[in-house]
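Several structures are given next for inspection.
The following pair of complexes shares a single chain, chain A, combined with chain B in the former and chain C in the latter.
Up next, the complex of A and B:
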C-alpha cells in the first residue's frame, strides 16, 4: 500500500480535534501510512469559493503543491469541505487558462497532479472493508446507528467520483464491519445547514433538527458522521436546536473514526469520546461485551 | 405578484453569468428539480428555479439583490439532480460573486461571517475560530452570538486560544494581496 499525504484541515486543530486524532489512530491501526502536508494552510473553505473561484483555488493549490513535493499521488483529508475545495482546485486547474490565473496569485506555481480524496475513500478503496473487518477485535454488537454523510462528500458525482451520490454506503459498510447494526437513513445526503450556524442559526436549527428527528424515528442509539461541520451542527448545537424547536433530542453524534477506533481496540485516549457534547455513554453501554472464550 | 417586463432583459448580464459560470443557461426548461431538492427554499425570497428563470430573463437587479444567492449553501443537490447537467450551484455562486462586486449584500450577517473568516485566514494562514468569532461580533454587533456554546466548547477543549502559526503565513497574505491588486476586493 502506498503512503498518502494527509491534510487535517483547520477544524481538526480545534473544534474537531477528536476527528483528526481518531483518524490518525484508525489509519495506523489498519496499516495506512499518512504523511502530513508540511506547513499546510487553510483550503479557503466555503467562504473563499463564495467570494471568487480563482482566490479559492489559489488557497487550495498552495496545499496541493506542498503535497506534490512529498512525491505522493493521493492527498487524503477527513473533511468533506476541504475535500471539495482541494478537488475543485485540482480539477479546474486542468484548464490552462484557469491554471494561469490561479498560479498568478501564488509564490510558486502548482504544476503537479495530486488527487485529493477523503480518508473514507482511501480506507474503503486502498485498505478495504474486508481488511478492516478482519482487524476488528471488539465488535460494536448491540449498537444501532444511522450513518449521515452530509451534502458534499459525494456530490456532484462527476466531480467527487466516489460512492453513490444519493445512497452512499461506504460508512454503512465500515460500521457493519465494526459490528454495529446500521439503520437505513433516508436523509444521508441532506444538508445540515452548513456554515450558517453563526450568521443564521435558525437555518441550522431547522435543517439539523430534521436530521435528528429522522434519526429518532429510526430508533438509533447514535448518528455517525464524517464531516466536522455536520458533527458540530448536530452535536454542539443540539441544545440550541432543542430550544428553537421545543424538542428534547439527546442523540450522540460520533465521527465514524471514533467508533471504528473502538472496534479496532485503539486506545481510548486517541478517540476523544469525552469531547462529544451529547453524552455518548448510554449509547456505548449498548455494546455487548464479547462472549468469553472457553 | 412581481411582473417581469421582458423588454428590460439585460443581455450583458445573461452573457456574463454564462461566461463566468461556463454554463449554458438556455437549456433550463424550468422542470423544478433543483427547487424540489433544495433544502433552503424555506428561507429564499426566490426559489432556485426562479433565480434561473430570472437570469434567463436578464433581470440583473432582481437577481443580484435577492437573498437566495446569499443563503445557498452550495450543497450541490441542484447541480446533482439537474436533468440538463447545469451546474446550478455554480451559477448561484457566480451571482453571489457579482452581487458582492457591485456592493450588494442582502444577507448582511452571511457576508460579515464570510469576511471575518477570510480575514482570519489572511492574517494567520489558517482559520482561527475564536479570533474570527470576535471579529464577526465586532463587525455585526451581535454580541450574544453563540455565547451559549462557549462553556460547552471550552469545557471540551474545542477552541484554541491562540492561532496556529504557520511558517508560510506571508505566502497566504500575498495570495490575498495579488487578488486585490487584480481589482477584486475581499
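Up next, the complex of A and C:
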C-alpha cells in the first residue's frame, strides 16, 4: 500500500479530536500508511480566505510544500474545509501569475504537484471498499444509518473531482461494507449552516433541524458524517436546535471513521465515542452481536 | 468578346460606402469590356430590362453584375441574360455588398476592393464556355421518412396531388408523438380524435404504400432519380394474414417489458399492438423479450392465433424503390432529464416526464385517464410542473428553446384542474413563451381561470419527505427561496434531435446542425428545402415545432414535391466535372475522393482505364479537380485557367527589377 501525507487540521486537535484519532486507527487497520506533515500550520480556511486569497493560498502552499518534501503524491485530510482550501490553492497555483504572488510570501517557493484529497477519497480509491469489507470483523448488523456528506465535500464538482456532487455514495458504500443498513438520505449534501454558526444561531437551528427531521423521518439510528463542522452542528448543538424548534431529536452523530473502527475491531479507546454529546449507546445497542463461533 | 458591366447601387446598401460610378468608370477600361454603367437596383424589373437593352444596343456577349451574393440573385440574372439571347453561363457576379459595402466603412478602400472584384469577374468571364444543361426523366414517386403528423400530412398531400407515396416509419404504427398526447393546445381537442382520421386515410389511400417497423438502409442517386433501400425489420408475424384481433396479446405470458407507447409507465406483452388506433393494426413480436425467441420454447401465440400468422423464423427484408423526391419528417426525441442530478436521476418514481403525464391523462393510457401517481396509485392533489428541463440551458448543451413546452405545461395545468378539481398546480418557469394564435390567452387562462401558481425561477433540488416530494426553487420575482410539497412532479422536458438523425442525414446528404437538427436551405426563404436537391424537410426534424407548424411544413414540403414532380424531365446543372481523356492516366484517385460516387473508371477503346463523370450525379464540388495529379479533370465553369485568371487579376504578375533603386 502506498503511503500518503496526513494533514489533521486544527479541528482535529480540538473539537474533533475523536475524528483525528479514529481516522488514524482506521487507516492503520486497513493498512494505509499516514505520514504526518511535519510542522504543519493553518490551512488558511476560515478567516484568511474571506479576506485575502493570496494569503490564504500561501498558508495552504506552505503545508503542500512540507508534504512535497515527504516525497508523496497525495496529501490526505479528514476535514472538508481544509480539503477545499488546500485544493483551491493547489489548483489556482497552476496559474503562473498567481503562483508567483503566493511564492513571494513563502520562505521556500512551492514547486511541487501534491494532490490534496479527503481521507474518504483515499480510503475508497486507494484502499477500496472491497478491501475494507474484507477486513471487517465485527459487522454493524442491525444499525440503520443516514450518511451526511455536507455541502463542500464534493463541491464544486469540477474542482473536487470525487464522487457525485448531488448524490455522493462513497460513505454509503463504506458503511454498507461495515455491515450497517444505509438509508438513502436525500439531504446528504445540504448546508448545515456551519458558516453562520457564530453570528446566526437561528439559521443553524433551522438548517440543521431540517437535516435531523429528514433523518428521523427515515427511521435511522444514527447520522454518519465526514466533516467536523457538520458533526459539531448536528451533535453539540442538537440541544439548542431542540430548544429553538421545540423538538425532541435524540439522534447520535458519528464520524464515519468511528463506526468503521467499530466494524474493524479497533480498540474503543482509539474511537473517542465518549466525546459525542448525544448518547450513542442506544444506537450502538442495535448492533447485533456476531453469532458465536462453534 | 464584348462584355457589359453593371454596378448596382442596391439603394444605399452598396452606394453608401462604395463609389459605384468610379467602379463603373474603372471597369470600362478593363479588357474586352464594351460597356459599363451603374444602376440603382439591378435586380428590379427596370434594372433587368436595362441589361437586356444594353446587350442589344452594344452587341454584348457576356455580362458582369456587381451587386449582392450569387446565392441571392445569380439565377435571376442568368435568366435575364438568357432573355437577351446569351448563353446563361456567360454571366458572372461580383459580390460587392456582403463582401465589401456591408463589412467595410472606408469608402475609398471599399471602392478599390470593389474594382478588384469586378476585374476578377471580368477575367473569369473572358474564359467562360457556353454550357448546355442535359435533361433526364423524373421518377414520379415520393418517399416520406417518418410517420408523425408532419410526415402524415406530407404523404396525404402528395398522394392527393396524384403522386405515388412510399411512407417509411421506424415504429410499429404511424402517429408519432402526437398519437401519445391526450389533448392539444390551445383548443383542448382530443389528439387521437383529430389525428386518427388522418392515420386511417394514410392506411387506406390507394396511392400510399406504408412500411412500418422499417428504416432507411441506403440512398443513392440524385434529384428525380433516387434509389432507396428500405430495411423492413422482422416482426415475426405475417402481416398479410394478421387481422389485429389481439388474442395473442391477451395470452402472451411474457408481459414484463416496459411499454414504449405508454412511456414505460406500464408493461406490454411481447407480442403487441401498441395502441387501439394503431395503423396498421397488426401485431408484432419484440424479439428481445419474447420467450420463444429468447429460450426457444413457448409459442403460445402461434397456437392461439386464429389465422396462423405467427412466423418465428421471419427475417429482415430489404425493399428497393425508385423515387423522384424525398421528404424527411423524422421528428424529435425527448431530452434525457437524467442528466440533471437535482431532479433525482430516477430515484423518485413520482418525478415523471410531460409525455408520461400525457399518458396518465389519456383515456387510452395505463390508468384509463385517471391521474394516479406511479409510486402508490394515489390521486395527486399538488402537482408541480418544472419547465425548461433541457431547454435554454448551456450547462447541458441545450441552449435553444424547445418552443412548445410553455404551451403544453399550461395545457397540463388546466387538465389537472379539470381532472381533480381540488388540486393545485405550481409551474416553475423561466419566461412564458407563447407567440401563436390564441396561445398567450391560453396560458393566461391557466393562471387566471384555473388558478395555476406560476413561479418564476429554477428548481434546485427535489427530495422526498414522507410520501411527498419537496420541490425547492427560487422565486426570482419575490427574491426568495420557495419550497412546495408536491404529490407529483412533472418535468417539461425539451426536444432534441431524433436518435439516428445524424446517421440518416449522412445517407441523405442532409447536414445536421450541432444539435442534430437538419439544416434547411435558407432559414427564411427556403425553410423546407435542403442543400441536396430533391430532399425536403418537414416538422421537428428541422427544429422543435408544435403541431400546427409541423402540419404546415408537411404541406409545404408536399407542395415543393408536387412542383418538382409536375415536370416530366429535369435539367441537370452543367457546372460539373469533365475528364480530358487524353490526359487521364486512370489512377482512380478521383473515384476514391468523390463523395457522391459520381466518377467511375471505364476502359477506352484500347483497354486503358479512364475516369468518367456521371453528369447527373456530379454535384460540382470540385474535390476531384484538386485530387487529379494530371489536371485531367476540370470543373466546368470553374477551370484551373479561370481561377488562375482571377488570381492574376487580383495580384498581377510584375517583372521584378533586380537592382537597387
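Methods note: the second predicted complex is superposed on the first by the 294 of 294 C-alpha atoms of A that agree within 3 Å, B and C clash if a C-alpha of one lies under 4 Å from a C-alpha of the other, contacts with A are read in each partner's own complex, and residues count from 1 in each chain.
The working rule: a residue touches a chain if its C-beta (ideal position, glycine included) is under 8 Å from a C-beta of that chain, and two chains touch if they have at least 3 such contacts.
Only a predicted model underlies this, so the values are computations on that prediction, with no experimental measurement involved.
A.B. asks: Go through the superposed model and pick first if A:165 touches only chain B, second if only chain C, both, or neither.
C.D. replies: Both partners, chain B and chain C.
A.B. asks: Contacts for A:242 in the overlay, against chain B (first) and chain C (second): which applies, first, second, both or neither?
C.D. replies: After superposing on A, A:242 lies clear of both chain B and chain C.
A.B. asks: Answer with first, second, both or neither: which of chain B and chain C does A:58 touch in the superposed model?
C.D. replies: first
A.B. asks: Using the superposition on chain A described above, determine whether A:126 touches chain B (first), chain C (second), both, or neither.
C.D. replies: neither
A.B. asks: With both complexes superposed on chain A, which partner does A:69 reach: first (chain B), second (chain C), both or neither?
C.D. replies: Neither partner.
A.B. asks: In this superposition, which partner touches a larger number of chain A residues, chain B or chain C?
C.D. replies: With both complexes superposed on chain A, more residues of chain A are touched by B.
A.B. asks: With both complexes overlaid on chain A, does A:274 touch chain B (first), chain C (second), both or neither?
C.D. replies: It touches chain B, and chain C stays clear.
A.B. asks: Residue overlap on chain A between the chain B contact set and the chain C contact set?
C.D. replies: 165
A.B. asks: In the complex of these two chains, what residues of chain A are touching chain B?
C.D. replies: 10-11, 13-15, 17, 39-42, 44-55, 58-59, 62, 104-107, 151-152, 155-157, 165, 189-191, 193-203, 206-207, 236-237, 239-240, 274-277
A.B. asks: If you look only at chain C, which of its residues touch chain A in the complex?
C.D. replies: So the residues of chain C touching chain A come out as 341-342, 345, 347, 461, 463-466.
A.B. asks: Contact residues on chain A for chain C in the complex?
C.D. replies: Those residues of chain A that touch chain C are 164-167, 184, 186-187, 214, 217.
A.B. asks: Touching residues of chain B toward chain A in the complex: what are they?
C.D. replies: These residues of chain B touch chain A: 39-40, 42-43, 71, 73-77, 79-80, 87, 93, 96-97, 100, 107, 109-110, 112-115, 117-118, 121, 125-127, 129, 133, 136, 140, 145-146, 148-149, 152-153, 156-160, 164, 166-168, 171-172, 174-176, 178-179, 182, 184, 186.
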